[in-house]
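My structure is below; once you've seen it, I'll send some questions.
Per-chain numbering from 1; labels A, B, C and D assigned in written order.
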């Protein structure tokens, strides 16, 4: 029987991987978003409201929360079409902070079993009891998280090999050049934003139900920039990059007791050093290409 | 005056210069020709200290320049007119020129002011536009500004990297006029140029580079006598 | 084929183009020359839709494309290269050409999610053919960033060529090349690329211009100062004074 | 109307602090074309060092200013060497993320230095209220405003009247070309960070002193306010930084008066978001963008 602490760490890795993947998807298409935490947060609140207050099943709440997140991401994507680079990063950050601050104003409570339940501004939103009400064990929920993560990974691998993936990478290298290849960057930028929003949204609803309590403060800039850093640590050459980044931070650093209390000093220094020697992460495009050619040679032999 | 002796320069694992020798003599125009990737710009960068050589030595008169910092080399009297001109687009023409004298010591200020006047006399167009920002100049004027800026360092030797690149024929003509005028006034010049025909008109000595090595050196007459070289460097269609 | 009517463009206080009229006939190579800052690149940017003209019209086969976006114009059959070479540096040489072909696919959902390079995909064959034409087939698996400048320029041409464009715009195809390299690229353009295609070539190297162009247009300060048969254009005194000098 | 004008006065006073922070961002961005996210946290660490000296050793105002500024400069240089100088020239994103990683380091170090949530910050301004007609101004805000003006004038003199200033502008304009002039860009980056850190340390001291307390959140606060003010004015522009700071101050002061603290914060982000969408170059940036485009077209 695996212990619950370990499972919590593992499921945490899974959920944070989702927001890291969402930042990664934008990174490879050339945009640095500081605001993926907004979609994570929107979906966390929306999904939790759907199950807890409206009594929806989890799968429907997941779909609802993530779609709402994707919608918001598409809206921001459309508004920020004209800007790129740093301007885009800061605009996403501004939007995310607006969302977070607005959550402080969000009060929507319903009396259930004689108790007022629902988001209550700065007090947060507790009693997200779906897991308990449906008798789902920590192990089962972890499996659910990883099932969804696998689906997302499968989908992303599909995209990487597809024309769409190639277009994303083209956009990431030279938007004007992409444009004179006959591709409308508007369409693909918004597509990337919506997909990324949806993926972050999946993580958000799962997160809310796993922790049973959420508050606006969780969805601050720290979360967004961590999501971004994970992809840059793991590498931008493969979808597994962000997962490796998450595993290094949460899996390794959180569990090594020696550095308790100095985790940020170690993590921060590690990231800074890594970026000096590998600015596009451990598994960047070059190393992935190299590994693939080695694998191919092995396969043939 | 400037002697480059058996220089090896590497980019990572790639050896761009493989034991290169050349000499630029006082008061002469020395020209480097060769195909793309032969190492012409690398040679200039190595002399200017922007790249470090792996082995070999560079001397200017009695000074050893080998692996000095870029700033140190400018101070020793080597100025570079870079490829694509690379002026400061947002700074005024005058500030561009003053920046050229940056490596000179502070006590040189009166001399710097006098040199600035000298540049304005040489290039009256620059004086007219002295308050305009560099980016608003036309291509030919930017090239003049780049040359003037390099002269502000009072170099013993002026290195020019493809001064004709991307310029209209009439401007190329003008720039080469300036080069030969400067040379007549006694400025030693080390020129990298693709436009071999123009280069031959002003050069005293030609070095051909190929694959990081000198494959020919001689004066323009000698070069024009060699048919193989003629065809390779002046182009098949040229007369 | 391609027609410009009174095209003007201003940036800030700087009028870069003033009422340019130009007519390119089907299957001819037209040279566009002029001093630096005369507006050549701006003109090309307007033709390829990088930005719209302030006034005037651009007609492709009689259809007004002056308000169309760059991607639409590309799909209508106008391909280009860039003065400062633009390639996808983190892709292989072959992928660079395939990237150009992807832009011409129909953007349906199934196409988008389909694999970019299936084995036996006609796109791969087309791309290889284009690379072969410019002599880059052997380098197809190199990373594009590893190519030296003359080969990058060839890659740009291959990429433009792969889509079989109606109009091909080459912005300084011999920029930064030695006379020998220039001669080789101008022979390539003349014998392999130009036949049967409408081309616009911007270049300062008159060797190349006289080798490949049947038609020549000279810009100065944003105005057209001469146009016509190359041999007669280069002997016109205005052209000599503004551009050629006394060579 | 009086309320509104009073808010504007308060806003300008407080906005001058924002302007100082924005100047720090804009200088580094102008020279390196990169964002230093850990600018705020390095000021915070400087202020913590100052507070630590104040609590443990001495209440000498000059000493505390010195400790604050020197620590800020030391941290700034640490950030510069690690996140900017060492990172490859073509990896601007890497620098930004790296500076963020160091931010987290700095916050943790500050928490170890002084583990409580809030500490008193020495106040050296005697707080009196000065009446001007129907309006009033707090004296510490006036001193802050005047000191900002002095610092601004000094910075301007430095940039436009000295040789290092010229070198700094040259590197900002064309880093490659400045190498050929014999300007050592690595030294200039170092210099830019040092100058910016001195500015930041002084700004931090002024702001905290007027506030008379310091928390670990000051780093986040300073980075955000400086960043917003810079973006509002236009990245890389000195005038823009000042205008952006003042605009942010005025808008916040009014939003606070009419809506409270939450509305004040939201309004700042909303203003930034709208500005980026409608006019990404900021208040003065648009002109620079057009100029660059014109320059590009001519070459």
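For the reader, a short list of remarks on this structure follows.
We take it that a contact is a pair of C-beta atoms (placed from the backbone, for glycine too) under 8 Å apart; a residue touches a chain by one contact, two chains touch by 3 or more.
Just so you know, these numbers come straight off a predicted model, no measurement behind them.
Steps from chain B to chain C, minimised over paths through touching chains, total 1.
The chains in contact with chain C as well as with chain D are A, B. Summarising the inter-chain layout, the chain whose CA centre lies farthest from the centre of chain D is C. Interface comparison, A-C versus A-D: the higher number of contacting C-beta pairs is recorded for A-D. Look at where the CA atoms of chain B average out and do the same for chain D: the two points lie 42 Å apart.
One simple way to say how far apart two chains are is to compare their mean CA positions; for chain A and chain D this gives 31 Å. Separating the CA-averaged centres of chain A and chain B is a span of 53 Å. Counting partner chains per residue, chain D shows two or more touched chains at residues 291, 294, 298-299. Counting partners per residue, chain A has no residue that reaches two or more other chains. Under the contact definition stated at the top, the residues of chain B that touch 2 or more other chains are 136, 138-139. For chain A in complex with chain D, the residues that touch the partner chain are 32, 79-80, 82-83, 86-87, 89-91, 94-95, 97-98, 101-102, 104-105, 221-222, 225, 228-229, 232, 261-265, 267-272, 275-276, 279-280. Considering their complex, residues 14, 33-37, 83, 148-150, 172, 175-183, 186, 204, 206-207, 211, 241-247 of chain C touch chain B. Residue ranges on chain D touching chain A, taken from their complex, read 35, 82-83, 86-88, 91, 93-98, 100-105, 107-109, 112, 220, 224, 227-228, 231, 235, 262, 265-266, 269-270, 272-273, 276-277, 280. Against chain A, the residues of chain C that register as touching in their complex are 48, 50, 69-72, 74-75, 79-80, 82, 86-91, 95, 98-100, 102-105, 107, 111-116, 143, 159, 163.
Of all the residues in chain B, the ones that touch chain C in their complex are 33-37, 136, 138-140, 162, 165-174, 194-197, 231-238.
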